[in-house]
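Let me begin by presenting the structure, written as structure tokens, before commenting on it.
So that you can tell them apart, the chains are marked A, B, C, D and E in the order they are listed, and the count of residues begins at 1 in each.
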Amino acid sequence: MADPHPNGPKPVQITAGRIGLYTFLVVAALFFLLPLYTMVVTSLKSMDEIRLGEIFALPARLDFSAWMTAWSGACMGTVCVGIRSGFWNSVAITLPSVALSVFIGAVNGYALSLWRPRGANLLFGLLMAGGLIPYQIFLYPMVRAMANIDLYNSLAGIILVHVIFGLPLVTLLFRNYFVSVPEELCKAARVDGAGFWRIFFEIMLPIAVPMVVVVSMLQFTGIWNDFLLGLVFAGRDNLPMTVQLNNIVNTTMGERTYNVNMAATILTAIVPLAIYFLSGRWFVRGIAAGAVKG
Amino acid sequence: EDKPTIEIMSSWTSGGEAAALNVIKTEFEKRGGVWKDSSIAGFGAADAAFQNRIVAGDAPGAKQGVIGLAAADFVSQGLFNPIDDVAAAGKWADALPKSIQDLISYDGKVYLAPTGAHGESWVFYSKEAFDKAGISQEPKTWDEFFADLDKLKAAGVVPVAWGGQPWQQTKVFNMILLSQVGIDGFLKIYADKDKSEASVEGAKKTLAILGKLRGYVDAGAAGRNWNDATAMLITAKAGVQFMGDWAKGEFTVAGKVPGKDYGCMIAPESKGMVYIADSLWFPKTGNAATDKAQKLLAEVVMDPTVQVEFALKKGSVPMRSDVDKSKLDTCAQKGAELMSADAIVPDQAIVLTPQQVGALDDFVDEYWSGGSDDAGAAAKNFFAIFE
Amino acid sequence: MSIKRKANLSATIALLPTWFVAVAVFIGTMAWSIRLSFTNSTLFPSSIYVGFAQYSKLFSSAKWLASLQNVLIFGVLYVAGCLLLGFLLAAALDRKIRFESAFRTIFLYPYAMSFVVTGLIWQWMLNPTLGIQASVRSLGWESFVLDWVVNRDMAIYALVLAGVWQGAGLVMVIALAGMRGIEAEQWKAARIDGIPVWRIYVSIILPQLGPALAAAGMLLAMGVIKTYDIVVAMTNGGPGNATEVPAKFIMDNLFGRQNLGLATAGATVLVLGVIIAVAPFRYAMHMRGKAKGAA
Amino acid sequence: MQSAVSVKDLKIAYGDHTVIEKMSIDIAPREFLVLLGPSGCGKSTLLNAIAGLQDITSGEVWISGKNVSWEEPKDRGIGMVFQSYALYPRMSVRKNLSFGLRVAGLPKDEIEARVARTAALLHLDKLLDRRPAELSGGQRQRVAIGRALVREVDVFLFDEPLSNLDAKLRNELRVEIKKLHQRLGNTMIYVTHDQVEALTLADRIAIMRDGVIQQLSSPAEIYRRPANLFVAGFIGAPAMNFVEGRIERGDGPLVFRSKGLTIDLSDYSFRAAVAEGPATLGFRPEHLVLDGAESGLPTILGRVSVVEPMGSDAVVWFDWADQSLSLRLMGDVTLEPGDAVAPGLDIAKASLFGADGSRL
Amino acid sequence: MQSAVSVKDLKIAYGDHTVIEKMSIDIAPREFLVLLGPSGCGKSTLLNAIAGLQDITSGEVWISGKNVSWEEPKDRGIGMVFQSYALYPRMSVRKNLSFGLRVAGLPKDEIEARVARTAALLHLDKLLDRRPAELSGGQRQRVAIGRALVREVDVFLFDEPLSNLDAKLRNELRVEIKKLHQRLGNTMIYVTHDQVEALTLADRIAIMRDGVIQQLSSPAEIYRRPANLFVAGFIGAPAMNFVEGRIERGDGPLVFRSKGLTIDLSDYSFRAAVAEGPATLGFRPEHLVLDGAESGLPTILGRVSVVEPMGSDAVVWFDWADQSLSLRLMGDVTLEPGDAVAPGLDIAKASLFGADGSRL
């Protein structure tokens, strides 16, 4: 700026850096959106058009029939009711699983970080090791155990399984969060006469709300998207949406209708997606509130 | 109420498959059965679900599965109910090719109810692409075949619509092998694990042909689903596809007619057909009503009309030799003839253990994508599978 | 009995279910797996012990060796890639950007999607005849090559790419939260020192995000060992063994190939490997925590 | 003489909310100016504007005779020390000191020489290889000062550099900063809300309130003749005692009357002629003499409520009328809560404020 | 008389690391005891042990004549105020105050009455429905105190309740706490590391170092006759001046000699007979008289380095021999850096410490 006498606010300049920054963001956004775009576009095409193999091309004509089929017409075996039949199963599995695992995880994190009873470190170590084991290995013995306690092929059973497998992650996150809560808060409540549970429910849980949001969202996504555990443990009356999705998508020798597949996928993902779109702000806030620390 | 009730676990979820399954269901229900459907697509997922149900002591009444050693394992563990009496009453032995009858029996008892067979030695071709390349006749020998592929290439068409997944590749390997060693040679290798000079020579020639095919596939072949390959024929982007007869389903859905828009031929120089046979398995459930239903279901499956109707819907070949083949399409008729003549050899899944099947897939895939043309060394690896 | 211990009784009781899970489920399963890995179990557990036979079979299997190598390459690149891209995205969003929350959502949404079908999409996009390569070529750049899924040498990177696509958003959120937590005065101090912005991110902010990024890395690493869906959906292990991974190897042998002994041997090796890899890290954390507590 | 720093008609607003209102200050070279004021009055904002860390709405900032209103912070020839220290946490002390120099591309030996000089000056020699986390609060603050010093500039800006430290350290470092200023002779602008720091360090104090300077004078002047009630109440610990009443013209001289108290104002030096009317009388605790009657001064009768011994002196709080007043005594105090006192007030040292709050 | 709180042979260790070493204290009812000491000396640990929040290794804690060593905190009849306030973040002020009462299951109107009483006492009436985040620092601290008060117990424990506040607020709240103590007459144990708080608030001060009590006396005694060098240096701002030298028997009386300075010790009241040997002389800044020669006291010749005016008084730092000494002056000071001074020392008010650091 050649102004000989600067006065007032510095004039805003559009710098090369700014342009580069936006370019980077836009390119990144395209990269992230491309798969979703492709899915949506494909779901709106007819199979004839899809066979042409131009996956990025816009559909010649908007055709929502694949969506209808996916939702209420696609066959699984001899039953042709679409994936909607699994929707409520998914809800019935996911909500209690999330609520329970978040609750147990919160209690664990609270007890491990603020009370540190004997063996706390060992327990935490075991949980972390458990979190690293590929869970396919658990299937076989778990099935046996669940059958023994009569929970195999039941809603309660699949919920229990999700809670067990979610425990390591959920505990880790809550423990990290509660470690940053001042110990004095706990002490003050103890002077006030509150015990372990009272402190948890009346003081710690309300503080941990941002964390509960984060963990709930992570767990929700994980459990909603789960296929294998639902397939093995839920029983045929409780199969989640992902199993129906798999039935539509994953045929070996039958013909494939990609438009229906894509529509079914988007429909299956719509609940977690909606949650991220609507409460992404809370998610970020929760993380900022100390959800993930070293 | 003691209606025979049964839960059927199948991995038939696509349109054609479901329609075929429905044939059985309708007849079963007509005869007073109660049908409960549990479908899980994908072999891996279905296997996992089935095995875990057994582990949990909660086996389904019937499971759709391939005839072969996978089933044998369950039978030898005593987990399946025999259906000997049904087979005897229905005189299955007379109606089925001898080789099939042997395969569904263990220790002299019949355990599996065959639903239909798929021919796997098929070469489909796009008439439009053939026209474009100026090919007027189906090639009879591999030399002719490769000459035609060259023509296709010259015409700017992808010669072979290759499905680059291990199981698809293994099927191609087998159809070439059959064309090189003949029916007896094929059975010697797979059933008797024969390693004689002739077998090794045959394997080498097979591998050479397979290796040569690499030059005729497009860049996007790896990992391609078979139906995507079929789509390439439907849109005349590619000339030929090696696939089982289920590929007809894709053509049909796209409105293509066999013999008119596309053709089907048995692999060049081949005297017979590789087949894979589906069946129903009947796990022990400890439930009398289910046992009853299993017998009823076995009856239904082998009913001549059901066999034909089922084959029509599924695009497969009926198991019974004594049914009316006139309703079948031209490809299926060719298959049915070979079947009746017992000019058939089993898919590896029928004669090999699951571990060996896996190893065979690994071997073919390794050879195909490894890029080596050393057929001699590769043949040695091939026979190592059986050890 | 001391006061603290009396009060801790409730805490101990509250942790009992978790203890039960940790011991009965996690340790129990591991013990079960280890036992079976010494038997010749095929479809169902058997009690015929065969010593280390399954292990020697395991380590002579090209597929297993390849899968170990692959998961290592994939793990390192995937975690590093997520951290790098996530950090870059966070840094970009940290620069007072318009539509920040829209961008944030776009970067985060893949985390909500499963790979059952996104895997197929990625397979298409990286397929030379269908996807990006074909599109770019049709725009006139004839020599453009992006054939990762079908290329033996590149297929593993295709997995990494799709994995990063899914996981980077999470890192971005964590890093962004960390950046927002850095006090404004550090920025001021750096501006007075005349440090260029990129240098501030690299030399001052990045080191401070260390713990948060380590935690994010831990979350991602937990996923790496379990990597299965993405592989099955995108490449099913191919071409050749190029993208085989241990979880898939175990799953295949557990069910399709009916080889329980081999599968449990694989699992045992995997878990031992993980423990060996993680133990020093955890120990260091533990010691650091101790040092912090005493300070 | 050219000003070291000067701010001309400076205005700073966040949207509608004006934080600094048309402010002009000239700061002489080598001067130690303290900006003092309650939290939120705009001290940091002003300091940041001088440093170039804050956009200005209108007006100019000049440093060393140059209009730097649009210059980058690094080009303004300033060094700055922050309340939170703002050390780079993952760098050693040495790196903290040298980072800016390295980025600026100075030659290696020059950097080393400067770091060594600064470290010696601040007794940081032995700490050079430690990380900030391994330093005590006082050491961290010294490093923060070092980071500003190493830039070798003429103007230093301090934003509440001591307020995160405990009382003892604060006292020690305060003396060190004062010595540093005497030794280096730089211009320093120092923000604080601690009046002890302001009084002890400043050549001049600018007392701010809501973005407006209330008084800009030497510490002694501000302490003795506060320009208005706000300044009077803000400076001094314990705070100045205020008594509300009226100035009246009795028979002859002006008197201040409040709740039964009458004080002759003949000895008070008014700024200008004064009429009758409401007024506030302010006097500091040490301007009360315990033995009021003996000294012949007007006395305030009260009853002791709290005694705060502080070692060398003590503050005695006593209740008078409906309020609590304080008086400061030297040495040991034998008064107890409940004792009656009658301290005398030296009106010559007191301050009178008019109805608008400004000094009469 | 029965002690309100007493600690007997208390030992606290974390593993091998002993934090409190065989400590015994008796605190009388209504007494205000301040625990003073540097960071990490074990003050909080001791307070927590009294409250029952900390495992003790050996020894006993008695409150109101009862051995409570194994009691839960809530059953000990104590209230506690924390440095970080530790208010329950998601509860309103009202709920913060009443939480403990609700836990104890008190009847509703009793709770309301107590909360109202406490709120009135601490002027919290208008804040009852706010959340802690909506309060200023001082208000939060008052709520924290209220939460202890509302329990209506005999013993209050304060752990550095003011150290998070700024100087002005700290001064104000200090007086309020003192008044509260006078009004309520509870026993209070108050931890701080700020010596001004200790001096102004305490009936007795216990000065701790590394888990051991150094001196337990009234503030005046501690200020005037510190038991050892540590106590002497810890109390007083600016700190006591120390001069190292020797006690020698010259021709007649004992003298203290150091770097050319000779001081007659006839006026010093030794605790016990003293031999010749190395010693440290300590004197507070206010024990130097500016016009040393006139007053006939031994003089220390020096040159002014820093002058710190503080309004009512000023601290002058001057260089003598190789060290810096301080002296405190009342009122206005005209000294400037560089001026020569010759202040006189009143040895009767000074302290002498032997080679082991304890007072002679």
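FYI, a contact is a pair of C-beta atoms (placed from the backbone, for glycine too) under 8 Å apart; a residue touches a chain by one contact, two chains touch by 3 or more.
Since we're looking at a predicted model, the values are computed, not measured.
Listing every chain that touches chain B and chain C alike gives A. More contacting C-beta pairs link the chains of A-B than the other of the two pairs A-B and C-D.
Here the C-alpha atoms of chain D line up with those of chain E after a rotation of 180°, rounded in steps of 5. Separating the centre of chain B from that of chain E, both taken as means of CA atoms, is a distance of 91 Å. Separation between the centroids of chain A and chain C, computed from CA atoms only, is 15 Å.
Rounded to whole angstrom units, the spacing between the C-alpha centres of chain A and chain D is 55. Residue positions 53, 139-140, 190, 227, 246, 249-250 of chain A each touch two or more of the other chains.
Chain E has residues 52, 72-73 in contact with two or more other chains. Looking at chain C, one finds that residues 7, 129-130, 210, 251, 254 touch two or more other chains.
Considering their complex, residues 42-44, 62-63, 123, 127-130, 147, 149-152, 155, 232, 234-242, 251-259 of chain C touch chain B. Every residue of chain D that touches chain C in the complex is listed here, in rising order: 48, 51-53, 72-75, 78-80, 82-84, 86-91, 99-100, 103-104, 147, 151, 159. Considering their complex, residues 47-48, 50-53, 75-80, 139-140, 143-144, 146-147, 152-153, 227-228, 231-232, 236, 243, 246-257 of chain A touch chain B.
Interface residues of chain D facing chain A in the complex, by the touch rule stated above, are 55-60, 67-70. Contact residues on chain E toward chain D in their complex (touch as defined above): 39, 163, 166-168, 171, 174-175, 178-179, 182, 193-196, 199-200, 219-220, 223, 235-239, 284-286, 305-306, 308-313, 315, 317, 328, 330, 332, 337.
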